[in-house]
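The structures considered in this document are given below.
What follows is chain A paired twice: with chain B in the first complex and chain C in the second.
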Partner chain A sequence: MTPRRTHLAVPWLLSAPAAALLLALFAGPLLLLLRVSLYESSDGGTGFYRPGTWTLRAYGELLGEPFGRGTIAFTVALGAAVAALSVLIGYPLALFIHALPRRAKALAIGAVVLPKLANVFVVLYGVNLLLGHSGPVNRVLLAFGVTSEPLLLTHSLFGVVVAETYLVLPYAVLVLVPTLDRIDPALVAAARGLGAGPWTAFRRVTLPLSLPGVAVAGQLCLIWALGAFVGPLLVGGPEQATLAVRVQKNGLEYGDWPRAAATAVLSLLTVAVCVAVYAWPARAMRRAGGGP
Partner chain B sequence: MKCPDASARADGPDRRSFLRAAGTAVGASILGGCSSPPPPSGTDFRGRTLTIFVYSGLDKLFQEHFVEPFEAGTGAKVVLDAGWWDSIGKLKASPKGQPAYDLVLTDATQGYPAIKSGMFRQIDFDRVPNHKALAPVALDNWVAKERYAVTFHESAMTLVWDRRQVGAEPSGWGDLLRGDFNRKLALYDSFYMSLYTFACMKVAADGKPGTAHAAVAGDLGGVLDFARCERDRVRLWWPTGTKMAQDLLQGAFAAGNAHSVAVLRTVKDKPEVVGFTTPDADRAFVQLMWVIPADTPNAELAEVAIDYLLSKDVQTAVAKRGAGTSHLEAAREAAQADPDWARTYPHTDEQFRAMRYYPYEAYFKDWERIKRTWEQEVLRKS
Partner chain C sequence: MRRLTLHLTRGLGVLALVTLLAPLACAVWMSFAPGEVLEPPTSQWSLRWYREFFGTAKWTRAMATSAEVAGLSVLGSLGSGLALAVAVTRFHFRGRRAVAGAVLLPLFVPAVVLAMGLLPFVALAGLQGKAVALAAAHALVSLPAVYLVLRGALAQADPDLERAARGLGVGPVTAFRRVTLPLIGPSVIAGAVIAFILSANEFAFAVFLSSPRVRTLPAALWPEARDKETPLLAAASVVTALFTLLGMWIVARLLRR
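And then the complex of A and B:
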């Protein structure tokens, strides 16, 4: 092999293990998932599917029923809301952390990451207690006369949004802090030196330059939030069931594998479509920040 | 480095001879009767591993009361895998001849269809002599008669309420239709229990308590319509027994249905908060079953394990945890020891004769219709 050919082959060889892994652990199972979604469901309980059959019935039912379409719409709406909230809450938090001295910054990032190190069930058990009927949030609301009796904050949309935002928020912060750190501090100092106030300097310098990072944080949060599972399952009620919850319900509780697989395929397509749609505002944000 | 204590614990001659003697004594007791036997000592399963799927949160109990003596008696290693409704899916996805489990504890909603689809093998009941210690009604179903499963009851559908919120304490399922419970109920989000709860409410409202099974079997449309109409009474649908107990103690609902196992544990901690009854009319129980995967290489060992798990010692431990037991002798003793247990579970011959499971067969007959209505029109309005 000539040196030139060797040079060309190196990138392929380097990526081969990852590509093989991707094919074996993602593409293969995905094809199997697709095949299972095209089987006919078995009758009379958890009978999985009828081998050797081919049908689009599971997709027809999911997309044809208001129930199925409602679940897709709810999953998208919840994902968008949680992603937006995570970035909106994460941005000021990232600004605060960015301005901290080095050691305090490390501690603050550690505090943000801490919930991700704990078991998600433990974290959500805490959220359940916090939002519970006699939990601190309801006590404060009662004490301030906001409500005359405790509100049902769990088993509700509110609880799901809080839980999911709590789970997704660290990703936004972890992307935004380095983005802000990369902005040259001399630029803000120059703006201030030329007479801009703190708000104007932020609005005209820091914010535009951080927009590419905001775009990435939003995308990451959106992908995570569209797959919401434990929040809706443990803090929500049946009205808050997402596509991921339906996959679990159909796959394990009802043993209806074609419907579970079709729901999973639609879930993947939903994420793909949402990410594609998100690419437009993301591109605009990157351009505003001086990117391509 | 070898830990001397651990080594002594595993290999100490005193313990070994003790276990051998205990095994022999128990083997003799099996020959003489069928109560509280550790595994037969004559059978050597050394080098084998028995992987057991444990449904219903019983893994800790089995770890304490089953694993150590069983391993000592048979020489086999036991691996417990705790879960709920995931066993059948994992078995289905296992490679042929290498099932994920050698023995499975599951419930009727999962077990019956899987047995029908050929996933489980017939059990040699002669190798499970302790099945004779169970109430005959527990085994009065086709999966046990055809020897595909050893079936028994576990939890009862229990009417539970928050004493702090309730004036006149309810005594039957019809009371859930009272005006003061409107939008204050909590029901399980699975239909196998809560559709039956609606059936009990309906027959009580119709003045025919005690006919809920017949209503589900003969007037399913009427029961589903009733559930659709009354679903707005429900404030929350609980997904797990733990969450139900948490919400009950926090006052999130006034009354509802619950698994007796969760209730009996909760009431011990907070008797001033938790009120409960298991009304005689339309009393129904969860059916659990031991089943052996068709292609396990450890079927004999699994049968020995089932026999041990049905022994009086293990069943007494199950009852102490708050679950029902179909083991007649263990049930009688548990009832004597705990009045709350006694008023929840059958323990006399008469009570056992009257014992009924949830109407599983009626559910399987119209599974799709029930599932669709339950998911789309009862749990949420689509």
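And then the complex of A and C:
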């Protein structure tokens, strides 16, 4: 019996470090977050909360005041917009990268991922470049006579959308390129051989087969865009505060941990609700692609 | 007409890639500015901001902290990720699907939410402001990526080779070390490099769990980005981008099949 026994224990022993990491640093902190959100805020003095208290005050305040509700609405609107933009720009870009020869493909994927991976502050330069005094956006506005003076656009909603799209778009490309790579090229060739033009072949073969991947990319982008933190923090004004930015402000700048924790819990609930709502179009896309 | 569409799609693809890289190029250009203001240099170029970056203890110390935290986090995520990947690909056991799914969960929770949970957690554990706390958080963040790379490599390594070694009388640990580990070696190193890059450039957890004594480079640079906007930030971005590029090149070489 001994060898069999070790055989049973070995996979559990091997899983133990990862399981411990997940329990200690993921499940534990999330449960603690819930507990901290139910404390009374500290009234000055020391400490970030009053131990031993139970209250829903932080939630009541956040959901009761227009500012809190506005933050949730803004987070959802920004998340949906950035996710949609990322998939809409990411899909043609993925089509382009997918068709490249091997070496160029690796380089292109590197180019997509590098700015995001290397340094979050790079989005600052992107926004300044596009929206600055003599950037392309201002030039277009001037050329069409929308404005006579260059606009100050950098600390604006538009800037936040641009910055956050820079950060989320790479994920969309990373999911969509392998999706397109998995489609059997013989199917497109067959469609062309049967007389379909390139556009028809794309619309009737490639697009439906890639829709399940698009559904996945959309979901991941939505989740990450709903957690938008860096973009609004670095290039947004106070009007562009997302839930994540409010967590940081409440927790680190005001030292009000119950309020910060409650904001974080609301942020998680927002993600859950949005993903549940998104499941409906996602299922339609999977069906169109011949999935379950 | 067909050729026109082809050129059009190619042109748009290249344009999209250029737009994605433009901010980084802009940072490179800006980093050679001679003056204080954030204005791209045209006639006069200077290495002033690189000298300032490498000559100021604040930044070099932050870089050293980043390396320390990233190194520690690699140990955590690589050790636990490799063990879990072996368990999931080589054994059938109760809870296998559960751990294989749970390990991906950190990908789906906004970083700030988890960081806010870790803040009181780390305080209760008495690890506030310690490098080890931030490294552990980073290990959790990179665990899904490391696990996926190693699971892929192990799925490709033929388990029969290891069984053959066992049949020749070698113990299980030696068989793994002498047969499977060399097969997946490149992926192990690639996983380590990926974990290092993710940790060294991570921002949200770094902001929440840093202390004046332990502050990684992204956290140290943040006030600079918020208040001052001098070309120093551009120079620092170029330095981190170069390190990241080197890491990505190593990963690409190792994972090329």
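Convention: the second predicted complex is superposed on the first by the 247 of 292 C-alpha atoms of A that agree within 3 Å, B and C clash if a C-alpha of one lies under 4 Å from a C-alpha of the other, contacts with A are read in each partner's own complex, and residues count from 1 in each chain.
The rule is simple: contacts are C-beta pairs under 8 Å (C-beta built on N, C-alpha and C of every residue); 3 or more make two chains touch, one makes a residue touch a chain.
These figures come from a predicted structure and were not determined experimentally.
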Next on the checklist: Looking at A:Asn128 after the superposition, I want to know if it touches chain B, chain C, both of them or none. Which is it: first, second, both, neither?
Outcome noted: both
Next on the checklist: Quick one: is A:Leu252 in contact with chain B, with chain C, with both, or with neither? Answer first, second, both or neither.
Outcome noted: both
Next on the checklist: One more residue to check, A:Ser42. First (chain B), second (chain C), both or neither?
Outcome noted: first
Next on the checklist: For the three-chain arrangement built by superposition, which of chain B and chain C touches the greater number of chain A residues?
Outcome noted: C
Checklist entry - Which holds for A:Leu114: it touches chain B only (first), chain C only (second), both, or neither? => result second
Next on the checklist: Contact-wise, after the overlay, does A:Phe67 reach chain B, chain C, both or neither (first, second, both, neither)?
Outcome noted: first
Item to check | First, second, both or neither for A:Ala217, with chain B first and chain C second | outcome: neither
Checklist entry - With the two structures laid over each other on chain A, which partner does A:Glu239 touch: chain B (first), chain C (second), both, or neither? => result first
Checklist entry - After superposition on the shared chain, which partner residues are touched by A:His155: those of chain B (first), chain C (second), both, or neither? => result first
Checklist outcome for this item: chain B and chain C footprints on chain A meet at residues 48, 128-129, 234, 251-252, 257
Next on the checklist: For a test of understanding, state which residues of chain A touch chain B in their complex under the given definition.
Outcome noted: 42-48, 65-67, 70, 128-129, 132-135, 150, 152, 154-155, 233-234, 237-239, 241, 251-255, 257
Item to check | For the chain C and chain A complex, residues of the former touching the latter | outcome: 2, 5, 9-10, 12-13, 16-17, 20-24, 26-27, 30, 38, 76, 79-81, 83-84, 86-88, 90-93, 95-96, 99, 102-103, 105-106, 108-114, 116-121, 124, 136-137, 139-140, 143, 147, 197-198, 201, 203-204, 207-208, 218, 221, 225-226, 229, 233-234, 236-237, 240-241, 243-245, 248, 252
Item to check | Contact set on chain B toward chain A in their complex | outcome: 84-86, 88-89, 92, 109-110, 112-114, 116-117, 189-190, 235-237, 239, 243, 246-247, 250-252, 363-365, 367-368, 371, 375-376, 379-380, 382
Checklist entry - Mind pulling up the chain A residues that touch chain C in the complex? => result 8, 10-12, 14-22, 24-26, 28-30, 32-33, 36, 48, 89, 92-93, 95-97, 106, 108, 110-115, 117-129, 166, 169-170, 198, 223-224, 226-227, 229-230, 234, 244, 247-248, 251-252, 257, 260-261, 264-265, 267-268, 271
